[in-house]
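Two complexes follow with chain A in common, the first pairing it with chain B and the second with chain C.
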Partner chain A sequence: MASVEIDRVKKQFGDIEVLKEVSLSIRSGEFVVLVGPSGCGKSTLLRMVAGLELPSAGNIAIDSQDVTTMAPKLRGVAMVFQNYALYPHMTVRDNLKFGLELAKVDKKEIGRRVNEAAEVLGLSAHLDKKPGQLSGGQKQRVAMGRAMVRQPKVFLFDEPLSNLDAQLRVKMRTEISHLHRRLSATSIYVTHDQVEAMTLADRIAVMYQGKLEQVGSPLELYQNPKTKFVASFIGTPSMNFLQGELLQSLKGNVQASSAGVRPEHTFLANTGQGECVFLGKGQIVLVEPLGSLAYIHVRIHDHYLVSELKSDRFPHAGETVEFMITIL
Partner chain B sequence: MNRKSSALAWGLLFPTLAVLALFVLYPAAQSFWLSFQDVEPFSKRSFFVGFENYQVLFNSPDYWQTVRVTLFFLLYTVIPSLVISLTVAVLLDANPFFQNMFRTLFLLPVAISSSMAAMLWIFIYNPTAGFLNYALDVLGIHGPNWLADPDWALVAVAVATVWKEIGFNIIFFLAGLTSIPLELKEAAELDGANSWQVFRYVTLPLLSPTLFFVSVVSVINSLQSFGQIHILTTGGPMGETTTLVYNLYRDAFVKFRTGLASSEAVILFGLILLATMVQFRMAKKRVHYG
Partner chain C sequence: MVSRFKDRKLKQRWIATLVLLLPALIQVFPLFYLLCVSWKEGAEVIQYPPKLFPKAIQWFNYHEALASAPLLRFLLNSAIVASFITFCQLFTSVLAAYALSRLEFKGQKWVMALIVGTMMIPGEVTIIPNYFTLASWNWLNTYPALIVPFSASGFGIFFLYQFFKTIPKELEEAAYLEGCSRLRFLFKFAVPLSLPAITAFGIYAFVGAWNQYLWPLITTQTTQMQTAQIGIGMFRSQNESMSWGVIMAATAMLISPTVLLFIATQRQFVKGMTMSGIKG
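Now for the complex of A and B:
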């Protein structure tokens, strides 16, 4: 277990500045999730912590020790890659053992750790198979196991679940969560998946165009986004930004040049609870039912808006309805 | 496969099969048949002699000498060419910046015709006017007459052969190396491997199919070398560069002993087959196909 200190780190590839002064302090044992749109520099930041990429400026410290230019193997970090990066010519057992053997760990100890990891991850029956004979979920587990057995100070995950189907992703997410609680190792986790970020993170760091937009607990980011980007990026479906007539209709309740409304804070007229404001009359363009709730796309005064409704009866596309929003 | 598509398959294969049959299978079968005949020079008359041709060969010390030369030639060409081309390919793979320039440079000898290449080496090896002995002279060493010295001629021919072949091997190795995902090497690096260990435990095993293919082709090429020997030494001095193939050529087209040459061809074929089988056997355990 160790803290990670990223101090004013920059990265350039040729003339392109990919990271612009990123600073982030991660406490020992903390689970930090990096989110942001594709190409914003998440992987690059992670790879610099791993030592696979050198920062152009700034420092990185692990456990208060400056590791900015240290070789990856001396840093005590383990990484789980998006495509697993298992050694295809080695059995699962050899994949797990590889790092330990290189580190000249005692044979008995290697056996003990490999068996323990296999047990925890449900791989015991597959130890003698090659990666090519495993399912996606099993490969994912081997990749996790390979990181675990080395007992690193810091775990790095680069979109580890993005190649799995939705069901398996939920399952592995829960397992990662359990594992983290068990090992309470410092972890940095990159993902595109909102739900993964919200459920796993102690803190989420939102990145945008090479900068950290906001760092905070999942609820903090959801309830008090500091920038419009964070507001629109966190939460599915995205927050609605009111303009023109819609903004006018809020007059007296907000004084701002722009206002955001989360889809779940909109209601059909006469169904809202608490303090409500009338938003306008609009036509339903699309209904996306998800079971107990539905996403309703409406057009009000030429502005499009997404609403999340909880009901057992949803309106249909083409209907004209009146919308309200709650004011918190 | 149903009847219709199997007919289609044969139809599509027919042109290739016909060409192979006409230019490969038929001559091969004919060689095999002729190896049991005594063929009179300049006539079509021949009569069956059983294993006599083979007996003559096996009882001839000169023939055993060509076997020895061939095996040494194999040793001098295949191993250096594999080691050099693999090393160069690994270096180029790690420095993409140099890749394009050097790839062309190393591939150039492959593109030159083998007689042109051999002429080039004749100039280099020339004992009085050649570049090699000039360079050695500068260093204060008196170089031998490379192509005429029984101790050096085979080595000299082998060097010219390796020079011509490494470019071809490098291309294959580079292609093999490029297909190894960078992530695997990075994972090994994070697992604590130094660059030698990354090469030994990740790169090399994943390159093994390429390595296997290149070694089989190199062995076959080496056993079939002809052009450079013909131009550089014509098999001399004192038979020190007369390989099985060169001896076969002389028996067939200089001495017109068709029957004898045919049995030599059969023996050479057997040797190549054996070498390839040994390689396949050795590869069984060590080659990893992803």
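Now for the complex of A and C:
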């Protein structure tokens, strides 16, 4: 376990500045998720912690030791890649022990660590198989096992679940969460999937256009976003932003130029609870039923809003309905 | 429905096989005819109208060929020269292709363009300067004269460059994070993963070196140094009165190593060629 200190780190590729003075402190044992849209610089930041990229400016310290220009193998980090990066011509066992052999770890110790990791990850029966013979989930477990056996100070995950199908992704997410609780290792996890971020993280760092927009616990970001980007990025479906005529319908309740409303805070007229405000009459353009709830896409005064309705009966596309929102 | 689909597939396969059989027969026929002639007796070779198959397989022509020229020496020379050229070309091509495909350095694109550019230069253009260079070093009529000018191959570098480019960058980064050096990655990962391409290029280099004619012809003067191809040519010019059967027997012996090599490694060769997207 180790803390990670990222201090005013910049990264430039030619004329393009992909990271603009990013600073982030990660406590020992903490699980921090870097989240943001494609191209926001999150993977670059992770790669700099790993030592695969050098910062153009700024410093990175692991366990209070400056590692900015240190070779990756000396940093005590292990990385799980998006496409697993397993050595295809080696068996699972060889994949797991390769790094340990390079580090000249005692053979008995290598065997012990490999067997232990295989047991924890349910890979014992697959140790003599080659990666090509494994399913996506098993490959991802091998990739995690390869990181585990090295007993690194910091685990780095670069969108490790994005190649898996939706069901397997949920399963692996739980496994990563269990693993983190078991090992209590400092982990930095990059994803563009905010559900992964919300479910795994102790703290989330939201990145946008090379800058850190906000760092906080998942609920903090959801409930008190500091910027419009964070508000729109965190939460599924995204937050609605009311402007123009819709904003006027809130009358004295809002002073700003736009107001954000979460889809779950909108209601059909007379079904809301708490303090509600009438938003307007609108036509339903699309209904996405998900079982106990549905996402209703509504057009009100040429503005499109998404509403999350919990009901056993949903309106149909084309219907005209009255919408209300809850004022928090 | 399924069986109709299977029938159609089978039919397509038969048609494809028949279509491919024709060019294959055209390619193989001269070789087959060469073997048939080498097994015939003297009078049978020149009989009119000619017959394809010998009355009985005779080995007389082979004994005659071995007795009248140092064929084994020619074979040995060709084997030495072709093996060394293959080894050198593989070694230099692997290193250069890896550096050009994986390392970032100034002028990388220009170096690659220069190497690809060498493929456009006909081999004959370099013969005279190479000859004078080697003559000034007193290398004529030696193995190095036959090997050194061919120890690097623009095609080999280009061919393997393309293959190395397909190895995911993350694989190298994962190994790098675990403490693997670049050179170790090359020999422990890049080479094993590119084995089909390396084998294909190895066979290509070996056959090319084995079949060289012009360069060995002008740089070697003694039978101690001459290679199989020169041997065949010499055999014909010195034995004009000799039966075609003997010449064909000598030719069969001299081409047999490359044919056997190809038969033994054809699976890897085809795999390497198709995986690299280069077709011969």
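In this text, the second predicted complex is superposed on the first by the 328 of 328 C-alpha atoms of A that agree within 3 Å, B and C clash if a C-alpha of one lies under 4 Å from a C-alpha of the other, contacts with A are read in each partner's own complex, and residues count from 1 in each chain.
Everything below uses one rule, namely that a residue touches a chain if its C-beta (ideal position, glycine included) is under 8 Å from a C-beta of that chain, and two chains touch if they have at least 3 such contacts.
Keep in mind that this is a model prediction, so the values were computed, not measured.
For the composite obtained by superposing both complexes on chain A, the positions of chain B and chain C are in clash. When the two complexes are overlaid on their common chain A, residue A:P72 makes contact with chain B and with chain C alike.
When the two structures are aligned on the shared chain, A:V120 is found in touch with neither chain B nor chain C. Of the two partner chains, neither chain B nor chain C is touched by A:V149. In the superposed model, A:V206 lies in contact with neither chain B nor chain C. Once chain A of one complex is fitted onto chain A of the other, the partner contacts of A:A197 are absent, as it touches neither chain B nor chain C.
In the overlay built on the shared chain, the residue A:L164 is in contact with neither chain B nor chain C. By the document's definition of touching, of the two partners only chain B reaches A:G132; chain C does not. Common to the chain B and chain C interfaces on chain A are residues 50-52, 72-73, 77-79, 81, 83, 85, 87-89, 98-99, 102-103, 146, 150. Listed in rising order, the residues of chain A touching chain C in the complex are 50-52, 72-73, 77-79, 81-83, 85, 87-89, 98-99, 102-103, 146, 150. Taken in their complex, chain A has these residues touching chain B: 50-52, 71-73, 77-79, 81, 83, 85-89, 98-99, 102-103, 132, 146, 150. For chain C in complex with chain A, the residues that touch the partner chain are 168, 170-171, 173-180, 189, 192-193.
Of all residues in chain B, those touching chain A in their complex are 181, 183-184, 186-194, 197, 201-202, 205-206, 208, 288, 290.
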